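Shared between the two complexes below is subunit A, which has subunit B as its partner in the first and subunit C in the second.
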Partner chain A sequence: MISADGVHFTYPNGNEVLRGIDLRIDDGEFLAIMGENGAGKTTLIKTFNGLLRPTKGQVFVNEIDTKKTSVASLSRNVGLVFQNPDHQLFCETVRDEVAYSLRNFGYSRDIVERRVKGILETLDLVPYMNSSPFMLSGGERKRVALASVLVWNPQHIVLDEPTIGQDYQQKDRLRNFIVQLNSQGKTVIMVTHDVEFVAECRPRVMLLSRGKIIGDGRADKILTDGRLIDQASLLHPQISLMFSSFNDLPHDVIDVYSAYTIVKKRIRGSRNVIASL
Partner chain B sequence: MRIRHLPIIEIRNLSFSYAGAQRKSLNNVSIQIERGDFVVITGPSGCGKTTLCRCLNGLVPNFYTGDLSGEVLVCGKSIRKESTGSLSRHVGFVFQNPENQLFSLTVERDVAFGPENLGLVREETRRRMEWALKATGVEELRDRAPYELSGGQQQRVAIASVLAMRPEIIVLDEPTSFLDPKSSQEILQVVARLNKDLGITVFLVEHRLDLATRHSNRVVVMDKGSIVLDGLPEDVYNERAHLIGIGMPKVTVLFRLLRQDGIETSRTPVTVEVGIEELRKILRS
Partner chain C sequence: MDPRAKFVVIMAIFVISLIQTNVLALSLILVAQVPLIWIAKSMKRWGASMKGGFLLATLIFIMNFATGSTFTYSIAMTIRFLALLSSFSIFFMTTSPDDLGLALEEAHVPYTLCFTFTTAVRLVPTMATDAQTVVDAQRSRGLELDKGNLLKRIRNYIPILIPLIVSAIRRSVELAEALESRGFGLSVKRQPVTVLRMRKSDYAAILAAVALLMLAAWASIYAQLPIIEIHFELPRLWCIV
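Up next is the complex of A and B:
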């Protein structure tokens, strides 16, 4: 469990980015943190693994105060994948990059090889395993960064903008993978601007604006609340924008498949009525 | 004025592999872009979009070396013969990651850097800088250091620094990746205005087609280093684009699913507005 109690954070230049955050993320939850640029999302998740310590208030990971433990110790429980993969990649090959943490944790050669192979396959990185991460495209590097964290199997996985640079198929794969991790009991926390990705994943959504939490709840409630969306500089999912133009269609539909099912049902229904006349 | 009819970008049989790479990043690409076009380039990650962008201002092959064959003409100039500096007068480049192109101590200095380097008089440099800061909504950040800004703010500054050069072509490589949705929409609107009002040719790499499509007159889909689809957005989305794995607008996906069930529409909606019209027709019939 991760919890925050009255967390404030001010950068050394005096910029106060977090202004009183209270939250509780239970084990096994799937949470999306959204909000405008500069809202404090990245700063907030950096407090989860101790990279940043609150200037006021406390963050607890499994009831341990992050101020009273080391980043190295916290990172075993909280795996953070940065927004910019170049901030965490440094090895000569993709395989070494992904194996780095496991070797550092002292796992045996067999386990390292097995785990690295598994994660490379899952994230479609096998063809690049002997390439330098820096020869890969932005989207591919992002997946290498993700693999290098997931490989050590942390309980809490924190992803900063995981969909940036990913194409549709990879997003789909990522979504399935996240759902799979979540169903295995992992806590998944992602910071994202990708409204459509969230609409398809339907996690709990927390909205941040100017360092404060302004909304927290189910995706279909939060992403169809015009006032909150505006305040957090988001846009409505396309599907809800369409459906909200119709009085006789539900206004809390955000994903394509639900919309498709509803429209199909409506058309079949009216065809059946006509057929029975 | 025959030159007006020449394509502003002409690429013929272009192939390129990075030095030391085993696979070709571009494989026999040919395309012509007309002056004033707003072209959206999309395709799976690693398909060669960024490499193609790098060819347009000569970063490939001048900076990123490798094995290049074929020809790339930008404003009639061959990228093999021109330096990247010389091409930068014609082509503005906005990178995927803004941290790669911001280096000054203040936002103002960064935006003024390009015009200053062109040797413009002080007043003109200031005028362009003010205009670019305003167009991208970063006026209030002018005295801040780029490195202390959020990713989204940095990208706006990067776009401002390119706008200040007043180029004929702007190449943007996933410029909205780091922006929140509303800022993304605003930036693409700024780019669309530059295209519409000033006739600047736009070459935009985007995965977020829900936001980009409405401004474009042409969508090009790449896969494995080649161009596989090229045309009007509605035509391209009608074809096998979904099989290649591009993120079509959700409204388009909805109508594709309905069509598979025999529920036909007269048009392929690529924007919410058209989607609403078509849905109304379906529900009424």
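Up next is the complex of A and C:
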């Protein structure tokens, strides 16, 4: 479990980015943290693995106070995948890059080999195993960055803007992968602006605005609350915008698949009515 | 203030600092800059840069004293370093990269060189932010920069430096492409958006700086400034070493 009690964070330049965050993320939850630029999303997730320590309040990871533990210790439980993979790639081969963190954590050679092989197979990176990570495409580098965090099997996985720079196919693969991770009991926390992606994943959604939580709940409730969406400077899901124009259609539809089912039922119903006339 | 006038003032302080070896004179040069910093409303930033130079200042003192210079002379060299650091800090804190570039262009330095210099200065905060992000990313993968012996700690910086250098090279290539797409390097005479103009206050500052420089040069040859001697000797054990 990850919890935050009255967390405030102020950067050295005096900018108070988090202003009293209280939250609780249970094991195995799937959470999307959304909000406008500067809302404090990235700052908040950096408090989960101790990179940033709250200036007031406390963050607990598995009941351990993050102020009293090193980043390396917290990272064993909280794997943070950064937005830009180029900020971490430095090894000569993809295999070495993925193995790097396991070596830091002191795993034995055979465990390192086994785990690296396993994660490379899971993420379809085996063909690039001996390639330089700098020679890969953007999407492939992102998968390498993801592999380098998942390899040590952290309980909580935090993804910072995972869909940036990804085409539709890669986003679809990512969505399936995230859902699969969550179904295996991993806590998945995602920071994103991508409303459509969140609508398709249907996680719990937490909206941040100016360092405070302004909304927290199911995706279909939060993403269809116009006032909250506007306050968080997000785009309304296109489907919910379309459905809200019709009085007799439900207003809590956020994804294409649900919309398709509803519209198909209505069309069938209308046909039956016409046929009976 | 026009950056050219500022530069003349700073160079005057620089030369005066080099001419003088008297502790009192060098201390006066250092202290005399404080009102300038206060006028520029940069006390905090100046303090931070002086704090950053403290380690090097200590090293300068130790190197001078350990190689046979007197205690007073070592103190004088340390104060000289701080005076030089302070003067250049003031210049860069109060001069924007754009003004600096304009001043260099007015001095007929080729535009490509001016642009290279100002872009490098402008990108320093960006690279500092990138460096912090890289450190965060690697720490999140278990890197502990403060653990291990000296050699291990130095090697621990490899995972920081390589992503930073690669990121800087990538940024440079993208910037170059963006610049070329916007006509950079055409052999047409550029029209600057703003033009630097010297005001009476700028000329007055230059005159004052030149006058001070001449006075300092005269004083270093003919004037007898009070000499402050601080006697300090290391214990005999150190002397043997």
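We adopt the following convention: the second predicted complex is superposed on the first by the 269 of 277 C-alpha atoms of A that agree within 3 Å, B and C clash if a C-alpha of one lies under 4 Å from a C-alpha of the other, contacts with A are read in each partner's own complex, and residues count from 1 in each chain.
We adopt the following convention: contacts are C-beta pairs under 8 Å (C-beta built on N, C-alpha and C of every residue); 3 or more make two chains touch, one makes a residue touch a chain.
What you see is a predicted model, and the numbers here were worked out from it, not measured in a lab.
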* Asked: Clash or fit: subunit B and subunit C on subunit A?
  -> clash
* Between subunit B (first) and subunit C (second), which does A:Gln88 come into contact with in this model arrangement: first, second, both, or neither? -> second
* Asked: With the two structures laid over each other on chain A, which partner does A:Thr66 touch: subunit B (first), subunit C (second), both, or neither?
  -> neither
* First (subunit B), second (subunit C), both or neither touched by A:Ile267 -> first
* Thinking of the overlay built on chain A, is A:Thr47 touched by subunit B (first), by subunit C (second), by both, or by neither? -> neither
* To do: In the overlay, answer first, second, both or neither for which of subunit B and subunit C A:Asn104 touches.
  => second
* Asked: Given 96-104, 186-194 or 258-266, which one is the stretch of subunit B whose C-alpha atoms run into subunit C?
  -> 96-104
* Structure fact -> In subunit A, both subunit B and subunit C touch residues 84, 86
* Asked: Which of the residues in subunit A end up touching subunit B in this complex?
  -> 11, 13, 15, 35-38, 42, 83-84, 86, 131, 135-140, 161, 164-171, 193, 195-196, 199, 232-235, 237-239, 241-242, 245-246, 256-257, 259-260, 263-264, 266-267
* Residue numbers on subunit A that touch subunit C, as the complex places them -> 46, 49, 51, 70-72, 75-76, 79-80, 82, 84, 86-90, 100-101, 104-105, 134, 148-149, 152
* Asked: Which residues of subunit B touch subunit A in the complex?
  -> 18, 20-21, 43-46, 50, 96-97, 99, 148-153, 174, 177-185, 207, 210, 245-251, 253-254, 257-258, 261, 263, 272, 275-276, 279-280, 282-283
* Flag every residue of subunit C that touches subunit A in the complex, lowest number first. => 130, 133-134, 136-144, 158-159, 162-163, 166-167, 170
